[in-house]
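Just passing along the structure, written as structure tokens.
Which chain is which? They are A, B, C and D, in the order written, and residues in each are numbered from 1.
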Amino acid sequence: MSEISIERLIADIPNGARIAVPTSRSGVAMAASRALIDRGVRDLHLVTIPTAGIQADMLIGTGCVAVAETAGITLDEFGQAGRFVAAVKAGEIRLMDSTCPAIVSGLQAGEKGVPFLPIRGLIGSDLLVNRSDYRVIDNPMAASGDPIVLVPAIVPDIALFHAPMADKFGNVWIGKMRELMTMAHAAKQTLVTVEQIVDGNLMEDELRAPATIPEMFITNVAKAKNGAWPLGLDGCYEADAQALADYANAARSDQGFSAYMAQAPAKAAQ
Amino acid sequence: MDYLPEELLIAVITRLLEGVEHVAVGVSSPIPGSAALLHQALSNGQARVTVLNSKNLQTLNDGAGDLFDRAAQGRIGAFFLSGGQIDGQANINLVGIGEYPQQTVRWSGSFGSAFLYFVVPRVILFRDEHTRRTMVETVDFISAPGVSAPGVYRPGGPYALVTNLGLFSFDRALARFRLVSVHPGHSLEEILDNTGFAFDYDANPDTTPPPEPERLTLLRGTIAAKIADPYPKFAKTVFNCG
Amino acid sequence: MSEISIERLIADIPNGARIAVPTSRSGVAMAASRALIDRGVRDLHLVTIPTAGIQADMLIGTGCVAVAETAGITLDEFGQAGRFVAAVKAGEIRLMDSTCPAIVSGLQAGEKGVPFLPIRGLIGSDLLVNRSDYRVIDNPMAASGDPIVLVPAIVPDIALFHAPMADKFGNVWIGKMRELMTMAHAAKQTLVTVEQIVDGNLMEDELRAPATIPEMFITNVAKAKNGAWPLGLDGCYEADAQALADYANAARSDQGFSAYMAQAPAKAAQ
Amino acid sequence: MDYLPEELLIAVITRLLEGVEHVAVGVSSPIPGSAALLHQALSNGQARVTVLNSKNLQTLNDGAGDLFDRAAQGRIGAFFLSGGQIDGQANINLVGIGEYPQQTVRWSGSFGSAFLYFVVPRVILFRDEHTRRTMVETVDFISAPGVSAPGVYRPGGPYALVTNLGLFSFDRALARFRLVSVHPGHSLEEILDNTGFAFDYDANPDTTPPPEPERLTLLRGTIAAKIADPYPKFAKTVFNCG
């Protein structure tokens, strides 16, 4: 796998792609997302695995997103995701609200190549009422009536995330962020930014191999030092609380957000 | 011993956790998190605590589904949920106000509520703003229902509601809250004025006991240091720790 | 977690327990199995995840097994599993024949706390005909008829396996043998033998934590040096080909097997 | 160039893999494994090969379901199955002979066949014993069916049958084998005599071409060394390697 730029990495994501991204603590490809915004991608169907934060808010605020399939979009301790909230109120994005494990199960169905997985809960919620793609069946394993929800497989066109390291073969080490493995397994294409590209073969490293995504699931890798900034990356660096607070504050208004996106750096100093 | 309102709430929640082997705590929950850690300390470390988004206070290592799989199997005894709105049937709304989807107020989303509320035996509702804005007759959007029809798989559900004003229990058969005690400094009248739903109560309700002194000491010491892992700002503000 | 003997580890496995064991290359607790045989356990419902070899054959040959739920029992390059074959021919065990991914999906259903998982394939096979616990439904996600099999959750009473290491807290490192994680997640109790018990906390080791089963899933751990012998353990030691050939040869007959079990050592020299 | 029977079979199978991006090989399959590795070498390493139970010839690291999940998604282009019995409709039997369950002959079991046969586009049946004992009219137990009723999800299925006597293609619509070529040293009559099921054939069938010399060289060199990872005995016996 030859080294490519972040811009090249995201160049072929088509408008309208169903794109899966992890939670704010599980390896968000922020630098790549900024590149995607700069490219002017449109009509993304964003699937958050299972929630998201600043990344989703930025993509929504810049008009890149048509559909948000999510269990929650929040800036956590920095407050509401201002652009997400504004877009919902304005009716600018289509919502596919769900609950965390239903999204995970959908992704696992995609990983397993089955059309659905069953999941407990949800019955009686307005989430279920508003998800016409979910089904309720009578559990065929039960002796008497036992309604259970089936969620359809999620097969993202693209999985996009940031990880600590890749090797030159395209194997990607993810540490404890196991959802990245599921995402790569389920998605048609997987695009990854990494802090570093290491020598040797991660799959031959006894300690790293168990938490390494094999290259056959990886479409492309680009190096992006501090690529999750202003979010953190487990084992590498903490989130930049000041930068996140600045963003949260700016994103409260259209003007604040526009000014932020025009002025704030796309990435941390490298 | 003097105590802060946060310390009272932690004490109240800790009592609700008695006997629970594994407590999990979601995001943005410093008070429940502190209570869970205090509960663990009181069990001499026998009780397990999983604090989401913490570095060291959890053992989740099997992806985004790990916590939910554990909960589905009954391995999580207690969890905390909140709501932008909570109604008298213990329905919770984490989505927004107005007609879905283009609501006039939008919150973050339902997170794991629509699942965990069904499978965790002891779900404690916690909301530190007890007003008619939050405690409503009927929620605008049911993120997760308080009770389920007969036949629906539901080993879990609401166990109690803790607010800044008082403590309620929840009767799943009646689908109705009952006021257990009023926090010191507050009154039944204040609670009635600020609650949008009907609930059962005694004319002279108990007053919530203050934090037990020895627990308060524990809380301000080892627990404060621990809760600073996921919640440094909270630990600093409340316990002047970290 | 205090250190216990292998005998103590397996002492509380009740007769009739549904016990899950991994494939011959994924950490078989051979020393513990010999202890279980010596104890005279009876009526085990053996679930192989998803196949097994010498361990299953020995347990069957010594009359410990009532039910074999399996996708295959074989001594691989050393030939047929003689005691398994003899027991089938004699009608001494009840068979629950299946196919590898159906067993894995059943275990994953157990892990996820759902009553079933769907799986492709199987339709038209005599496996399906003979598994009255499997169901065929019409895929509710499809527009037109699309039959699909549902397999019920497998929730073993006991998962029993051997791993490279545990720590003093009971966390168990499994390397690439990920099925052991699934087994521990799904089972009511998980009993593990390990090559060594290490200092420190495996969950705090950045490199090992991703492939470590957290102690909350582990019921008990006993140290068993060369505990998989005569099978191998990935990253620790190779299988003992001579010992396996000797076993395969002996297991062809009742007499050979009895003589082998009477004379052959229960474990490798430590 | 002289060659061994095993080398012919490897050459035959390698030709069947043309264009396949990812070949997976199950347990106890040294000849298919060698063919897959030769195919990979011919693709300049572009084709991926997963050899089960090998140390270095696979990247499975997500548990016992990993291979099957990959196959279910269409990520595995070719796989090999065998059978104690194979019948004229390409049904395979890996379970035993006689009335199930208490059969008079019992084999290991169905392994992944009842799944992989459905989802891998190019399943190659391989059996090096071509007799009326193995090639039967109707199998005693269907581990995995050769064809499926309309409406059954089946992107995969039988593509060819390779035996020690010849090469057959399989027509999924007709549910019938057709003899493609007879291996050198064998005859149509021998195949007819030793086959329990009816199949299509030309009166003067082609002879299977011998291994291509340059492939044979590759096979005896780099491939022999590689296949010694999972199959040391085979590499030693056939290629005198290792």
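Here, contacts are C-beta pairs under 8 Å (C-beta built on N, C-alpha and C of every residue); 3 or more make two chains touch, one makes a residue touch a chain.
Small disclaimer: the values here were computed from a predicted structure and weren't measured.
Using the contact threshold fixed earlier, the set of chains in contact with both subunit B and subunit C is A. The interface with the greater count of contacting C-beta pairs, when A-D is set against C-D, is C-D. If you average the CA atoms of subunit A and of subunit D, the two centres end up 40 Å from each other. Look at where the CA atoms of subunit B average out and do the same for subunit D: the two points lie 59 Å apart.
Mean C-alpha positions place subunit A and subunit B at a centre distance of 28 Å. In subunit B, the residues that reach two or more other chains under the touch definition are 61-62, 65, 69, 72, 119.
Residue numbers of subunit A whose C-beta contacts span two or more other chains: 105, 112-114, 119-120, 146, 148, 176, 178, 181, 209-210.
Viewed as a network of touching protein chains, the structure does not reduce to a path, ring, star or complete graph.
Chain pairs that touch, as defined above: A-B, A-C, A-D, B-C, C-D. Subunit A meets subunit B in the complex at residues 22-23, 25-26, 49-51, 70-74, 76-77, 80-81, 84-85, 88-91, 94-95, 97-105, 108, 119-128, 130, 144-148, 176-179, 181-182. Listing the residues of subunit B that touch subunit C in their complex gives 22, 48, 56, 59, 61-62, 65, 69-75, 119. Contact residues on subunit A toward subunit D in their complex (touch as defined above): 111-114, 181, 185, 203-204, 209-210, 212, 214-216. Listed in rising order, the residues of subunit B touching subunit A in the complex are 27-28, 53, 60-66, 68-69, 72, 94-96, 100-104, 106-119, 141-145, 148-149, 151-153, 233.
Across the complex, subunit A meets subunit C through its residues 105, 112-120, 135, 137, 139-142, 146, 148, 150, 152-153, 174-176, 178, 206-211, 235.
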